[in-house]
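Below you'll find the structures, each written out as structure tokens.
Look for subunit A in each of the two complexes below; its partner is subunit B in the first and subunit C in the second.
Right, the complex of A and B next:
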């Protein structure tokens, strides 16, 4: 399998093997309560992609999911089915709100070989995908929807089924196009946040800046402070921050790369005339502060949906993300004039720190150790295996099979609460070490063909000593 | 796991429910599996949360379903279902099952399977209590000095009867030695799963005393035809002789054969040696001859499964494995099951179809596990949780050396073959369809 994936088939097949990565086959949302009787089945369906599918087939697919969920409930009453494996695809189920079901159907990866008489033989790779990865992606779909639209129930309250269907259509029609299932991996399970390591002084400066700003602009409810793609500070709840972080780093920021860095195809926003006293600018909001008629459209987001349920507006002012309620153009001007200059000063402090960090960790080209670290408590995540995220895909510098092995180790870790360590040697002679301590996980990939267990252990110890020297991992 | 009618074959009506949702049959090809994974609520007293797995397997007209809350992979559960199916086929043959359902769609197969519920229960229990056989696709032998085993093999080779295809000597569900008829089984090796099925079968309480004569089908050898089996306890001992032949009327010839074997064994003094071996273990489940892990002399080693892979090819008839008795801290049933689950998990990872591994070293709270597959062997070891990596390597090295040293005693290196007179066997055998598969 590893050989096939690397494109190196054997013998007569070698030149004629085509590989097809996993792909989204369908995605639908339904509520069985909306059409309980015969003939009403169509009412259950709240969203269905692809829409061109014939109505009866949609009803059948939804019916099958309902049946599976019901059937499995007899064995596990409090938590029904999570996934269904068949030869050609996998279906993932999620019930984010009571009786509202989201189902994602992913086609298994395929290898197409040419047989001797020229006919293509299709081989489905049923054991390839990791359940947890795609279940996490499905959950993220809901979280992202909820971030921009609030809960399903809220939509029902505001405008009944019709409004809910509209919102679902509007959101998922676009969002599904951004899913790149072939590059989903362990990091999707973590849904972590990359933090920017800062020295105490600069950190305190930023904190006090944020406090002063929130004081002078009191419609601001929460603030999050990021540098490049890394978080420095956030006042939001963890769960809200993590989904917002994902949105910012995979959707918003990549659309606003500096003009000189922007690629051929990315939309280059019109340069704002004028304020040359600082480098701040709005990523969401008015394009031109001096135009009194400028539209002030900010994306609305919904946070704290479990308790206070706040609907806020998202203002992303590079480098800061701010959350006020009811902002106006006037507010934006004030924001610009207060925040801009101070940010510019801070930015240069941070930039200095960034360069120091970079020098310490060495060249980004070939990191000394390939590892992934995640802390469940603060969602801090660090990976030297993933290269800079582009809007479309996250590239890794190791073979995807190794990432899947990491996923397997993660599954094993989730089974128990205790600290554990798992070391494996793959067929390709790579060593993978997984360590779990407290609520932290560390995965290290070593390319040392002839090493033995003890040598591998020593290497990992070296890594821990430099990067994680105040965290205890099992020896 | 519950066995019997419910998992072996769905009562009529069961299959129809699933047929309504057409996708199940569209998506799964013959013999292919489908499984759904509901998560498990945290239960009091259960330390681990384990997902429920539901696995469906279609074999001909039968649909088998496994529902499990163990860490076994779907492929392993499918393997268990295949073993259950093989058990059914061994009683009925695949051809008759197909014929019955072709004739009558909603026949209740339980009518024909009455009496095999306990065998199925035991089969599924053995997966949890003693996972080696199903997991490794191998057979475990009684440790016996090589000269004695060779002599017994030669004895079996001499005592033949017309139509005799296979002779097996077993004690406590473990193999002493077996001899195969060259012509019948020359083209097809005896599958270890079939042999294990026979060993389990003769271990049933039904064969506790005297002699018995019953038809049996070897599913992997030929799922559509019967052999006729003569089963006898020798000398009121747990030693059992099994003679498999192709002739329906050969009971007396087989009985004569048995007397020859008994006399031969007395002459060798084998009965006493086997009696001593049989009384070694006082484990209540199997009065099976075995050895203790202490014999290896590697402190820190708690248990292991070892399967050699470098058997010389022309003798590669019988994949075998060896493993010591389970002792403290695995004397209780829950602990045995937990260890079996751990072995299953290791096996699933090592042999994953998409990303197999060479070696796994897993440090956990209660034990450290090391699983290793090379071209020469497949090894699963269970060590004390406090062992260091250097210590673990030392233990495994000692173990490998010990196995090498004891090789002749632990494994049958050269299973004997023999020839029966051809004339009498072939024309009688044709009618029971024995050779249709060849």
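Right, the complex of A and C next:
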């Protein structure tokens, strides 16, 4: 990879220069209605991270945010402030439920240089962070909380401020540790879902399988079907699926793959024939069905919080994910016996399809370009920029500066409704192309020596013709 | 036993004839299904009635002695009457031919005629105790010509008119059967075969009785049915019917055994390819279907009755001159392998009632297998489908899937046959070629419109049905069609969409479209467009679909223009190379409507350039009707902004 043009520490510089990625400074949730009178300000604070911070500072910070939001509201009553830029950090504001505010403070990336006299000079990179990326991260925090705990209001109804505080503490204490702010990028804005490409017949067979399973196990309310971290079917509504998908692919699945790779398989799997990775076992719930004392504790999730507000249990049976209302061990056994054998057949069908897909894409040479595609309408997302998602970081195969350009193009797209196209010549031989057509966005990174604008345009046209020939995508 | 329980019934209009008595002799001809009532040897009249003809034939003939057998040739052309054991008399019933009787004596000396059979309108076979003689009748000459004969000792014979096969019983045990096949003046000898007789006590001489043998065509194949009675020495639980398959070529082979699980007297019928066995002691009948799965032991398939035994539905015989009517339970005693049944002075066709069977056969897969083979099955099958989707009798999805798969299997077979026929016709094979037959569409072929009209459209309207079930059923039907590689009609897709929309399940709909489960079509794309106000992504889905159709470019332009995406429309049409033929006025109109002057300028300039390129001048021609737009352009941007013609 070519050396970056701006600020990237590499080679000889590395000895004198230290880089610090963006980091979470603080994260708090408050409700101004809870302590409107002087002296009661502490009551406003529902959650504060880091907790060690002195009480008065907490109150001051919350008060500052409240003031900024209140102040900026005079200028834009419908769209209150989303973020505050300072030299050292950025603050992001989000009001997910009325009067409940979530604030995330992120420290700007730092470069520490040695001055001639040996003293370290700290340089804050004020323009590095993208507002949209971190606003999305903050929104995701709320969605994730809501998925497992329901709304703030519901907690208030159930057990008042005390319960809400408990829930927030319990959830965010762990969740904040999993935020990896240094590797957030465009994909966090999209919050997309990667769909598994599948032929019609196999898809219909899966449909049929799901319908039959839901019929024979009538406590199953919704089913989602994934293969290889990619979604095939969701009975849940889009927004709920979006956050659940995020949880499954970035948290639950990676957690379970690691022990598997280490060879610590569950006893059930050993009985299964074949060598496919995906065989019936529970990722949530009982490990061993033959153990009568096995605990049937499944995580609760909350969906459709806007209207029906359903409280369900999340059962993840490897390959399929389902949501019954009251599972028992007996249910698990039935599920195992119904789903297990049929899944064996389906899994081999899908696996076949997977190999066909692989062969088709493998037949081409390593392409000269990488792309990210996102469709706002179905949240479909496809990236050849990103490598495997792991619970710790999402690895990209391109330089962070290019990722930032993508983010900038995305911000430009957001400003206007019309379709547009932006072509950027980046450092070295890189070209970055962004296209927006009818709520679809495509970002292409090309690396071609001495290419000119026309050639780049041609190249992107070719890419669209091969990768997106079955959708209406204006060139 | 409720009335709905009887699955066998007699036809509504029986053939009624005068009961046999000392002066009236009654004969039945299986070939023409005619009953002859001969009074006083014919002197006081002969009345011939068939099941179909309303007008009985009646005539007189001289009483030349006791009539042993009387039959018309096919199409009632010539009447043959046997009065002695040596001769058969003939009488022409052809207009303009002499009606004087003529006689044929059997050729073999000292032979006795056992009977005769017509194999066509002018060909007749005499069966004697010493062989068979095949004649052609020459009605004009009032004589017969011997075509062929064959000598062998005959105990008894049997004729199957549908397949024109005569079976002769030979040897002492009577159990070696010699078949002959007749066709257009030829007689061919088929390989003979032996019926295995059950072991019997030594004191009694075993022999094959004519009464225990029948011939019938079942599913297009000729079978010899042998009623093997329960023998005390064997451990078998009851009598059974053994079916020997008699192919056109090759040896006869024992293929099926029907287990009756009873003993006593039986009678056989074959109705609609079903073997009906009547048990006289219990006055009940059972049916067997060779196509239903039986137990195969490596050479023979064993079948059990499809349904529990039931009586034939009692028939009301109207009694002339009386106001009431007598109900008689029907007991078939006449052993006919056809489908007719004679009782007293009536001749009926036996019929199978399918409706009661629906409730007697709980296994829906087996029920479908059974129904799909029946002649009049369509409405019953459709009602089974409706029933299994009804709230009270709702079947489980796997059962529904099985039923759909069976329907579509039959449907696909027909479609394939149609297709290969069409291809053969296209390839120029002559229509008269015997190999080229247009496939017959039986009632078992239930296509998408049948299922849609009679089952699914009513089903989705049912408010009380959980929508999850409704959608699952529709998807199951579509899955089944796809599995048999049958192209799904758009109205089924529309049904799915309507159901999903009704329940606000747009995300599901989106996923179906994303995976192309709902096939692309213009009607579907239009339907999606109409949904945009409820579900905005429908617009994108619709455009994608139109794009994939590749025949809907005009529609795409219209859609984009209606959304005021004039530039997008123009770029699209240019992208596919159609921009030289589009109407400038349409685009300028749309651009003007946006009230975006720069857009209007761009579009206007584009067409000026097109004019320049096509005609060498940027001006619009009067035929384009763009005067109004030129004026508008001048008004906004001034005269000097108009493109100047480039001259070389």
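Assume the second predicted complex is superposed on the first by the 428 of 475 C-alpha atoms of A that agree within 3 Å, B and C clash if a C-alpha of one lies under 4 Å from a C-alpha of the other, contacts with A are read in each partner's own complex, and residues count from 1 in each chain.
Convention: contacts are C-beta pairs under 8 Å (C-beta built on N, C-alpha and C of every residue); 3 or more make two chains touch, one makes a residue touch a chain.
Remember, it's a predicted structure, so these values are computed and weren't measured experimentally.
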Subunit A as common anchor, with subunit B and subunit C clashing or fitting: fit
Touching partner for A:422 - first (subunit B), second (subunit C), both, neither: first
First, second, both or neither for A:453, with subunit B first and subunit C second: first
Which superposed partner A:387 touches (first subunit B, second subunit C, both, neither): neither
Of subunit B and subunit C, the chain that contacts the larger number of subunit A residues: B
Contacts of A:79 with subunit B and subunit C, given as first, second, both or neither: first
First (subunit B), second (subunit C), both or neither touched by A:378: second
Touching partner for A:238 - first (subunit B), second (subunit C), both, neither: second
Where the C-alpha centre of subunit A sits as vertex, the angle toward subunit B and subunit C in the overlay (nearest 10 degrees): 120
Shortest span in Å between Cα atoms of subunit B and of subunit C, once chain A is used as the common reference: 6
Contact residues of subunit A, present in both the subunit B and the subunit C interface: 419, 474-475
List of subunit C residues in touch with subunit A within their complex: 396-398, 401, 468-469, 471-472, 475-476, 478-479, 482-483, 507-508, 510-511, 514-517, 536-537, 539-541, 543-544, 546-548, 556, 565, 568, 571-572, 575
Touching residues on subunit A, where the partner in the complex is subunit B: 1-2, 60-61, 63-64, 67-68, 71-73, 75-76, 78-89, 125-128, 131, 401, 404-405, 408, 412, 415-427, 429, 452-454, 457, 474-475
Residues of subunit B that touch subunit A when the two form their complex: 21-23, 27-29, 32-41, 47-52, 54, 67, 71, 74-75, 345, 349, 352-365, 388-390, 392-393
In the complex with subunit C, residue positions of subunit A that touch it: 195, 198, 200-201, 203-205, 207-208, 211-212, 214-216, 233-235, 237-238, 241, 375, 377-378, 380, 419, 437-440, 470-472, 474-475
